[in-house]
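Letters A, B, C, D and E name the chains as they come in the text, with residue numbers starting at 1 for each one.
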Amino acid sequence: MDTKHVVRAAVPLAVGAVLLAGCGGSSSGGGGGTTSSGGKTFTIACQGPLTGDNAALGINICDGAKLAIDQANAKGDLSFKLAYKGVDDQGDPTKAPAAAQSEVGDSNVIAIVGPAFSGATQASEQYFTEANLASVTASATLPTLTDPSNHFTTFFRTVATDSSQGAGAADYIAKVLKATKVYSVNDGSAYGQGLAKELESNLTKDNVSVTKDSVPAGTKQYATEASKIASSGADLVYYSGYYADAGPFAKSLKAAGFKGTFMSDDGTKDPNFVKLAGSSAAEGALLTCPCSDPQSSQAASNFVTDYKAAFNQDAGTYSAEAFDAANTIIAAMKAVSGTITRSAVVTALKSIDYQGITKQVKFQSNGELSSTTVYLYKVKNGTISYLGPIDQLIGG
Amino acid sequence: MTTLSAVARRARWWNHARVRRIGAYVFAGIVVALVTGPGGSEGHYSNGLRHGLLAPRVIPFIVGGLVVWAAVELGGRQLYRVRPLVTTVVSGSQRRWQSPVVRLVSYGLLLVVAIVYPMHISEFWRVVAANEIAIYVLLAIGLNVVIGFAGLLDLGYIAFFAIGAYATAYFTGRLPIHAPFTLNPFLVIPLAIGLALISGVILGFPTLRLRGDYLAIVTLGFGEIVYEFAKNQQGITTGSAGVFNIPHFSIHLLDINYDWGLPSLPYYYVSLGFIVVVMFLFSRLENSRVGRAWTAIREDEVAAAATGVATLKYKLMAFAIGASTSGLAGVLFASKVGSITPDAFTLQYSILVLVLVIFGGMGSIAGVALGAAVLTWLPELLRTHVNPQNRFIYFGMLIIIMMIFRPQGLLPSRRRAREIRFAEAGLEGADALGPTPGSGLTS
Amino acid sequence: MTVAAEKQPAVDRDVCIEVSNVTLRFGGVTSLADAGLSLRRGEVLAVIGPNGAGKTSLFNCLTGVYRPQEGNVLYRSRGGREVSLLDRKPHQICRLGVARTFQNIRLFAALTAFENVKIGAEIRQRTGPIGAMLGMPWVRRAERVSDEHAHDLLAFVGVQHRSNIIASALAYGEQRRLEIARALATDPEVLLLDEPAAGTNPAEKRDLESLINRINKELGVTVLLIEHDMRLVMSVAMNVVVLNFGRVIASGTPAEVQGDPAVVEAYLGTPADGGDGDAAPR
Amino acid sequence: MCFTQSFWALLVSGIENGSIYALVALGYTLVYGVLHLINFAHSEVFMSGAFGGLFVVDAVVGGPPSSGLSSAGLIALGTIAGAFFGAVAAFVLERVAYRPLRRRNAPPLAFLISAIGASFFLYNLAGKEFGTNPISVPQIYDEHPWFHLFGAPVLNTYVIIVVVALTMLVALDRVITRTRLGRGIRAVAQDAETASLLGVDIDRVIVTTFVLGGLLGGAGGFLYGMAINVSFNMGFIPGLKAFTAAVLGGIGNVRGAVVGGFLLGIVESLGVSCVSSSWQNTIAFSVLVVVLMFRPTGILGERLGRAA
Amino acid sequence: MLLHVEDVRVAYGGIEALRGVSFDVDEGEIVTLLGANGAGKTTTLRTISGLLRPRAGTISFDGQRIDTVPAHMMVRLGIGHVPEGRRIFPRMSVRENLMMGAYHRGDDTEADADRVFELFPVLLERQGQDGGTLSGGEQQMLAIGRALMGRPRLLLLDEPSMGLAPMIVTRIFDIIREINQQGTTVLLVEQNAAQALRLATRGYVLETGEVVMSDDASKLLADDRIREAYLGEGAA
């Protein structure tokens, strides 16, 4: 009998709590409407999956953006105030238009960090274009997003597309590692499949024999796949996907007795990869990334510690890119002379040149990064260490 | 022989029902404290628990639970006094509802509201209305035929939605494999409906002989297979990257040239039109020979067969009709959003549509439409009121609460409400899935 | 004897259902053992026997619910077509013209009395879902026909005044009659009644008695009846078959059967030889 | 190509997967046996067990360095903690999401939806409380191949998982077949009403059944988490597979769940030697459909659940 | 008075199955409830043992009200119920079925089992076999034996003769008599009115949920109306 009362009691309590939380939320997060003495408050929204299976990635990204905003506010050299707003699109193109429209409809929103996923970006971007609202994604890597037929005039990205990374990785594999038999495994995600496709076609061009396979992200059980690869005689495995799966995969490969090289992408270039794989399985793994070494500059190492302090966890995949994206937006806002409007920010972004912690952010006219250098990293003694730009490594 | 130990147990003060309920209220308070409290993270995953449960923060929630307990226990009688009043009002309105004139007028008014109201809302809510509410309402109405009318548990329903959406992509020339001709998405509608219908029959024919739960898992499997196909056959479906730039609806007839572009309102009206038509057709169907045959099958398959109802044929029919509605929704969706990815067709969505149907009141077309609208609207409303990460926690809570207090749904069909009443009175078989779990137990 | 003699049996020589050597087993339990009977067109034949004797199993073999391991069930329709009922599904058998009721009434509980009958009345209609959705004129015509048929049958069994009541809210006797009306609505040549008098009071029994007679005489439907109530059997049945342990132990006119010592024994339960009892399959 | 290349290695990993599936499948099958109900939230029980085990192991490992606990002790501790938290989750689930519905004789679909709601709730709550990133369980032993089976390395992890799982499976089988409690469960499964006439408190049996399922599922969750990692969404896929396995073996049948679990694990594993791993679910469900076509109630039939 | 049932009303859905049933059973008696199918006999037994809740009326056992006591407590109080259709557990061995009868005690059941085996020697031979493989008569014996394992003071028997050969029925009835003589009170629901009345001390006749007649068994056996309605002798 009494169990029903748990629920019966929960109803008023929950309703009360929702109301309280709602009030609290609007007073802190939605305070953008008021003009404070320091100047107008603008909102930078971050759109990505904040719930559901892909929430980890969305939260990594939005936390990165939030950190940038908080730091900019704290610095106190702005003529305006910034607010952060997380917008959940569940990474799903179905939900993305509503999320996008909620940002467009909020007149305080001055620019967007995101959307996180390519599908969601594709579904959202037309709304941003129409509203002349800049969106700077830190993670949507689908090359065709900047296809001229889309007419996405307010789209920018602080991450290289799959094509440059796939080509770079393939070159390195063929020319430096001289692998002859490569197993290319993707995680079935749009990102993984896209990258794998680029990699595979470039490897085939270089006459490397490639076996393709796909293990859906979230499988976690890689023992089977690993045994298959171990007995295939491949001398290199390239995994296109994220660290959450790359970790267990590398672990299983070692367990299955695979002796070749494990190589993966920027989605795997994350300290958690080493943790999840275990340091012995991760040791020697090569990681490609269109991002320069964050440890190399003071700003980057500050980011790592600040992030940890703010969110109680290590910065994850794309956190740094999102941090850069948000800071690029802020830099653009600073560069605006006169009133800061959405279109002014778009214009400013087109000519921005900002030194981020992952790269020099400078956009081509279609919103792609100007420089598409791909860098190589290697896991040494349990940490991911920087080897250098791939084209130099090949050349030298 | 024995003194009644049950009686003895009851006599102890801490076993008193009222006292035991304190525990329930305190538990509820703690749960709410946890839900509204801060979250944790990978490095500090006990953070949320520590600050949610062990910190002084939890005290007001426990006190709140006790206050609610006291209010209910002491002031509960007042609530009971209100109850008869509520029931009279409700039953009175229900009685009036049965008058056809009242119903016609109310439906007319609702339609007017559905047409006029969206003209005065923000573009955000229009997007929600066109992209989500309209699509899910259509899906729910279709699944209602399968589960509400014929009593078949289908957990792979979203597969037909996918088939409709990918058919749109195919016939508008957006897939790597090309159709012999390209069409305006409008003209894809009949093709997609046909394709979904055929796949419904193909799936249903071998599986509809299976009993309730087995049917559920086989349909679930079908949904997963369609999903994996969409995701892995890159050469056919483009894989996870998805299909982009699916054209919008357009009309080019004589002098009329109209393009449905980005704005949501025109799409909303198209969807509304389809919804109204489908609701009208299905309500006719419900009160036809076919609908009665479905009810007969749902209530007693053996008796239905003995009365000459070709059970397999009617089940297939329900499956096919449900599937084709889903296919139609797929076309609307693909054309409106313009891009589809396999991740929009996972098992979770099949389950979600099922939840919408039951929540609204399965069997009742108006009920499922309402349920779908409410449950789709709610997370969007919560978007602005709670931490986005918490939205679906409340969503889950709401579903449990609803099932406990109103298992028949928001607006159940009269037939369905009766079935549930019988089941609650201890008569068997509230739906085709058999009797209540653990039924026959009154202890 | 006198009661039976008064009837004017409109019985042809024509046998419409022939059950021969039917054996039905569930696991180790034999429910019917080499059972057989002939149902002549136009007659009322009663099957009697103690609980668990296999009467309902016999019905289930006739209506496609069970498939016996041995034996055959032949059905000759009025048109002269002869078919085996064994490999047919229940709904096909019903459409062939063999309708039934159930021992524990199985109505569509949440439908009205009228709708229950209507489901039976429209099984042979050809209108499909599309016509129904579009409200085509032929669909409306068919609806009118079945409406009329259903109303007639409700009146025939005497529950027309309750036609808009939910089936499960009807009184027990009314439910019995409603179930018969539903079966009759399928326009059967043969009606199988499974203990129609169970749970009814004496007045209801008398009504039932006349109803069965009217079904037989006015509608010309052949009736196969399972019944416990001896008085009812004696007054309506032209012939009686007695089952015990799945075997036919006697058959003949009611009077003949009643005098049979084996029947007396089976009913009154005096000790007799015979093996262990068999479980009624659940 | 198929099967030949790495048969033994695939078989080994199939058995390892299968033992997890079997542990989880038992939760579905036990509840189905007594309630004829698919406990959709069981995958969240699995997840709860994994987090519970993680907490305890983390607390001990991160505590005083010389706790003196050996690897075996830690594994046992984690498994027990996982089982305990799984059981608690299952208990609460029964109390909150099922019992009120049973009280009012709600129809089975309402149970299904309530379970889905509970699953939503727990899944999202875990995502919030513990973060959405996967967490690795502290390395409590050194992972290495223990021996080789026809050249295929057999990791000590596999051996541990299979041994712990088999031990629990055998123990459960004993409980079900030999003890008074087991008789009570079987009696309720076969004929709840008669069982209550004989003095079986059905509520208590149902709770106990949930708890038993939770114990196994929670332990399975920890083992899985130890071998791979722990995250809020870890339950979904094993839950789906285990559910399939339970149906495959004959839902409601305890031994059937074990057979189904191992069979599914092995078939899936060997199957991906022919096609890509991304078709795993397709393989699993194809096997299921084929089996159901020939044996509509699964391989061993619904023995616990159905009375005749 | 061991069992006292007063004005009990039970309804399923909207239909009243019992419309005010009253009767008594004294210690040591065998009382039989007669009536046609659907008259409410089984409903009465199910209400007494707590499977159904009466909407009105009282049931007391040994002076205590039991109409709100849950079904699983009844066996503790000393009420054993052999349900209609025997309802043995088909997938449990005969021995396990018997052990289920003593479930609430959970202590050593050997002595009780021996007593049951003494009454039904055939069960001893079959003790390892699954209940579902027994013949109908053996199942009935098992069902009765299982109820006896709970050491009931009052035994409710629902149609023990159903579907059984006359010889077996006689055996079963003999055993019921023996059980009664050993001190167990019996409430018997039967369709086989003749034998039931020969066995019972007193009888009640139910019709559509009401008691329409009650008397000593011998008098009922001689009553014309009874002979006509329930003994199938009226039209003879």
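Here, contacts are C-beta pairs under 8 Å (C-beta built on N, C-alpha and C of every residue); 3 or more make two chains touch, one makes a residue touch a chain.
Treat the numbers as computed from the prediction; the structure is a model and nothing was measured.
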item: Smallest number of contact steps required from subunit A to reach subunit E; value: 2
item: Given subunit B and subunit E, the chains that contact each of them; value: C, D
item: Farthest chain relative to subunit B (centres taken as mean CA coordinates); value: E
item: Between the pairs A-B and B-C, the one where more C-beta pairs touch; value: A-B
item: Chain occupying the most central position, where position means C-alpha average; value: B
item: Chain whose mean Cα position lies farthest from subunit C; value: A
item: Inter-chain centre distance, subunit A versus subunit C - centres from mean C-alpha coordinates, in Å; value: 72
item: Geometric centre distance via CA averages, subunit D-subunit A, whole Å; value: 34
item: CA centroid of subunit C to CA centroid of subunit D, Å; value: 50
item: Cα-centroid distance, subunit B relative to subunit D, in whole angstrom; value: 28
item: Residues of subunit E engaged with two or more neighbouring chains; value: 13-14, 50-51, 70-73, 76, 132
item: Per-residue multi-chain contacts in subunit C, two or more chains; value: 27, 109, 168, 282
item: Sites on subunit D at which at least two other chains make contact; value: 96, 100, 124, 127, 131-134, 193, 196, 201-202, 276, 278, 307-308
item: Touching residues on subunit A, where the partner in the complex is subunit D; value: 1, 3-4, 6-7, 51, 53, 55-56, 59-60, 188, 212-216, 218-221, 223-228, 230-232, 244, 247-248, 251, 255-257, 272, 275-276, 278, 313, 316
item: Subunit E residues within the subunit D interface of the complex; value: 49-51, 70-76, 81, 83, 87, 89-92, 96, 99-101, 103-104, 106, 132, 146-147, 150
item: Partner subunit C, residues of subunit E touching it in the complex; value: 13-15, 36-39, 85-86, 132-133, 135-139, 159, 161-170, 191-192, 194-195, 207-208, 228, 231-232, 234-236
item: Contact footprint of subunit B on subunit D as seen in their complex; value: 32, 34-38, 51, 54-55, 96-98, 100-102, 104-114, 116-125, 127-135, 192-193, 196, 201-203, 206, 240, 243-244, 247, 251, 276, 278-279, 281-282, 284-286, 288-289, 292-293, 296-297
item: Complex contact set, residues of subunit C against subunit B; value: 63-65, 89-91, 94-95, 99-100, 102, 106-111, 115, 118-120, 122-125, 127-129, 132-135, 139, 142-143, 146, 166, 168, 182-183, 186
